[in-house]
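Just below is one structure, and these are the notes that go with it.
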């Protein structure tokens, strides 16, 4: 009956109940609250039960440190953990809004089994046993019919995702499909091909920062978003390229509304200046890199004047910026950003970025590109059973460098739809919401349509859950004990999650769900899950009592508070040559361009606009749009259109418009603004949902996933989301 | 059009390369992973006889050298229980996940 | 004990308009959900210039805890007053909901809270300040735009900041003597 | 054949008003049920809406009735004495209805009753508003009692006191707005004086209507004395409305001249903005120009003409209050939305607010009509 109780309380009331609680306990007015609190502190007797629990935020990928305050069993407030050096002791709007993830009336509360058509939203409540039995039965049948590769396992990052991928491996499916090819895989590929790893820019100590579309004021990344603003700013300069005047642009020293897809031309132009004017540290480059001799002739045609014609940043500025950048080196950094799913040349664009960083000789230096440190924890050992005759990954060979763990969404989905080389008919989903996050929603729907069984584990009835056969309610990040997690970076930290309150309703941790499924599949599989979270955590910290102690006392462990630079000096890098590779022999061997070769993006056709995507600081991907506290800040996405274009087309700010791409048509409200290039339109991600359950999102905004075509970057398999052209008309 | 051709070329190359690499090595890396975890990791963890070892400890070259030249010199008897095919599988797994392998870093 | 004069000094150049302060305040102070119910805010300044030369500033704000206090003056039932720390407080049970203070406030810092049945406003998180903590907005801010402290203590960070830097207050022409100071 | 139902105008009049009152009460019930934020369109930026402006309309009518009717029994202008009772009675009714309207606007009228006594703030114009109008109501009641009991001495004394109170209360009501430094459109000495003048206009208009409809409904002819009374009232009204026109002209000029910050935008909201329709059509045309035309032309200064001018003035006054209250709040105190910021905020009364206002107007008319039926309000001096 607990669910009914929560249904009957409106959101407003929830916050009201707690305020009444505090009011009643503290005898009425706010002035009295103060007195009561003051006196309770004075004589050391708390009036009521108040607990502070260290935990980690789960609203996005950053995992900032949180202190949750619980009053009489209700989470009252999430505060930043001041000791948490990675997040610099802050908590953003989403982190603060975490309360609504727990107390949202739209939460998934108990296992559901579909009764109507897929997508009809008709489910019935089921017991855990029934639901789990059904999932296990289907997994067994699917393995029987289509081999164990016939079920795909879709998931995204989180402290308990590991158990899901382990389960996939133990079940025997090679087909795990994660988020990186919707995000940063081309970034990782380009930088790793150069440095052997994807290093972290030392934003705090850099004197000169160049950013291409890395919107750090809105796509918050700790500690970069903070360091960008609060770093030693005396000599600091930020040059920012973005087709939109974002909040990062507002904070930058210079902003250029660069033509989308031409950042590589800008970078090559800079490299040209630095190389031809010999503005780089030759000795350093000679000792630490390979391929400079190939770069020098390669870069000759890429003059700033040539670059200007491509990217629309004036040649004089490119020249000046290149010289300023070189002068600031090695404390100059071309910040690579995170999401790089922009264009089909993205890996090579990131290669160019990496090479520019190489020329700044900033590798492993203060204010430069610093390889990540990570605190090593004891790994969880498991032995996945061996199954004969399970084929390779479905999309194996489709991508130049495919991650076995992550796969490539675009190619994988195409293969499922083709049914080659073998059919995939089962879908297990944890935490990812592909109907919102993967471009070309129609294809995702078609893929799900041909599935014989779909099971989603999530905390809310999102679109993907809506189209599933079995929906399992996971407990939120504030209701679970999670594994100890080591977060890499320039200053690595170790953190964890402690259940702030017991799991509400019938929600369960993912570990519990995996254990129950494992048990139902086989004893051999269950062997890999036969432990408690406590045992697991204990094992992770074996021989490291200092970490356990720090987690207990401060909620976070960090081995150092100042960065260590130069730890790779004289050491072999994880590249073929062991050195930094300006020229990539590995790429050459695969028939890829060993040095970045510029290809111009397709021109925007007459009468159309390039659709670009992005974020604001008030929600994370497709996961937090349905949060009442954040909904108060931004309720829907709007279509940005340049003032000049709007005037030309006779469109008014605030009116509804149709956005038509080759795939779909969406309607949303128009935002007329000078903050965008005239040839582009922009919308933020996560709206225009299909489900009828998430109350706050009904009829709000338009879906980017429906509009955006599934173009792809072939080296990393990352999608290219900025290559869709749309028509705009009044609705 | 040119770009499409370029993409297809890249794809073709990558397919051919992967296939040829597989043919040359011939092992099944997944089976290799299973065998490695089942048999080798007992000794190759912290505090055990073999010391910490993982595929990413060595480069692809040194793994190849290990499997063709060294052949577990330190404790040849541990080597004996594997069939030729098993060793090929393990070698493939180690090679595929070596320090300088093509396996990209990931997120989360 | 010497009386305190609590104040916030803001460096708006650091503000990225992430609105963490607004959400932190809403949860800390149990503010009802809604777009009009908030104690603090971040204002997007007017867009300067023409494309492609643009500029914009973001200005967080909340009750300015004015020393010459218009809301205090006009409240018919003395439901609002300035306490010993310089914080403008509202005593809910005396508030009749005439909203005169809302029309009197030059900063639009007050709103009517349907749950408490009284006009509500920023109190520098009085419940936190009472136990020696800092206001939620100050604590949660990623870039630490706000600094909170006692201006009667010459050693405090706020006193030092105001001594060292030029600053402004909002709407000085109205003569409210606000205690939110914006560094320039 | 069913019996033909004969609907007398009187029956129709009373049932319409009763319906209006019932609708108003229903709206009030709805407000108690769902709460103010749901029922009203007032916002944190525009906390005062049509209920406040209607309240101002009523209580200023009340002051005006008193001021103008005092010409009779206080200052001995005998022509005015014939309507003293009616004027005072209507004053009491308008004030009660006005109080009812503001009680709907204030969230906690009962708390108010307690805390204005237990915790008074003497620097608050609203506190003084309550005190002055409260005291004024007592005086009005006593005065009405005295008039009904033919105690002329007492009535005169109380009338004088009421006159002073009416001046104090209406100017203080102007002060409620005029003392807000935050609102340049309202701030200053203008509104207190303006409210006294508008009180006179409203009072005069209402008196003309009372006299006119008293004759019409009872089928009484206008005798010479009454014609001359209406003529005198018309001239007086012409003076008041003419003065008001000058007040308004100077308010507009000072609002535009040099574009004073905020004051200019508020004035532009009236002249060429969201309030331009009520401003030009109702406040200026209907409220000022039409009455002036009727009152200045000798041919049209007939009882009908004066009454018609009064009716127009009164409608104009209603919208004028609305314009004054809303315009002062339309300019944002704070620009929050950068590029998309408009010059003005938006306020349109909700259906509930409008129904309450209609209910209040109906209640006022109904109460007065009932009183006319039940009490002998004819003057003893005629």
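By letter and in written order, the chains are A, B, C and D; residue numbering begins at 1 in each of them.
Everything below uses one rule, namely that a residue touches a chain if its C-beta (ideal position, glycine included) is under 8 Å from a C-beta of that chain, and two chains touch if they have at least 3 such contacts.
Predicted model only: the values in this text are computed from it and were never measured.
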item: Chains touching both subunit A and subunit D, listed by label; value: C
item: A-B compared against C-D, more contacting pairs; value: C-D
item: Chain separated most widely from subunit B, comparing mean CA positions; value: D
item: Whole-Å separation of chain centres (CA-atom averages), subunit A against subunit B; value: 30
item: Rounded Å distance, subunit C centre to subunit D centre (Cα mean); value: 38
item: Chain centre separation (subunit A, subunit C; CA means) in Å; value: 34
item: Subunit B-subunit C separation of Cα centroids, rounded to whole Å; value: 61
item: Two or more partner chains touched - positions in subunit C; value: 34, 47, 56, 93, 114
item: Sequence positions of subunit A contacting 2 or more other chains; value: 673-675
item: Every chain pair meeting the contact rule; value: A-B, A-C, A-D, C-D
item: For the subunit C and subunit A complex, residues of the former touching the latter; value: 14, 16-20, 22-24, 26-28, 30-35, 38, 47, 50-52, 54-58, 83, 89-93, 114-116, 123, 126-127, 129-132, 136, 139-144
item: Subunit A residues touching subunit C - in the complex, by the definition given at the top; value: 11-12, 15-16, 18-20, 22-23, 28-31, 33-35, 37-38, 41, 76-80, 82, 88, 90-97, 99, 217-218, 220, 222, 225-226, 229-230, 245, 247-251, 255-257, 617-618, 628-630, 632-633, 635, 642-644, 673-675, 678
item: Subunit D-touching residues of subunit A, taken from the complex the two chains share; value: 653, 671, 673-675
item: Subunit C to subunit D touching residues, read off their complex; value: 34, 36-37, 41, 43-47, 56, 61, 70, 73-79, 93-100, 102-108, 110-112, 114, 117, 174-176
item: Residues of subunit A defined as touching subunit B within the complex; value: 61, 156-158, 161, 174, 178-180, 183-185, 188-189, 192, 196-198, 344, 378, 381, 383-386, 390, 396-401, 403-406, 543, 572, 574-576, 578, 586, 589-592, 599, 714-716
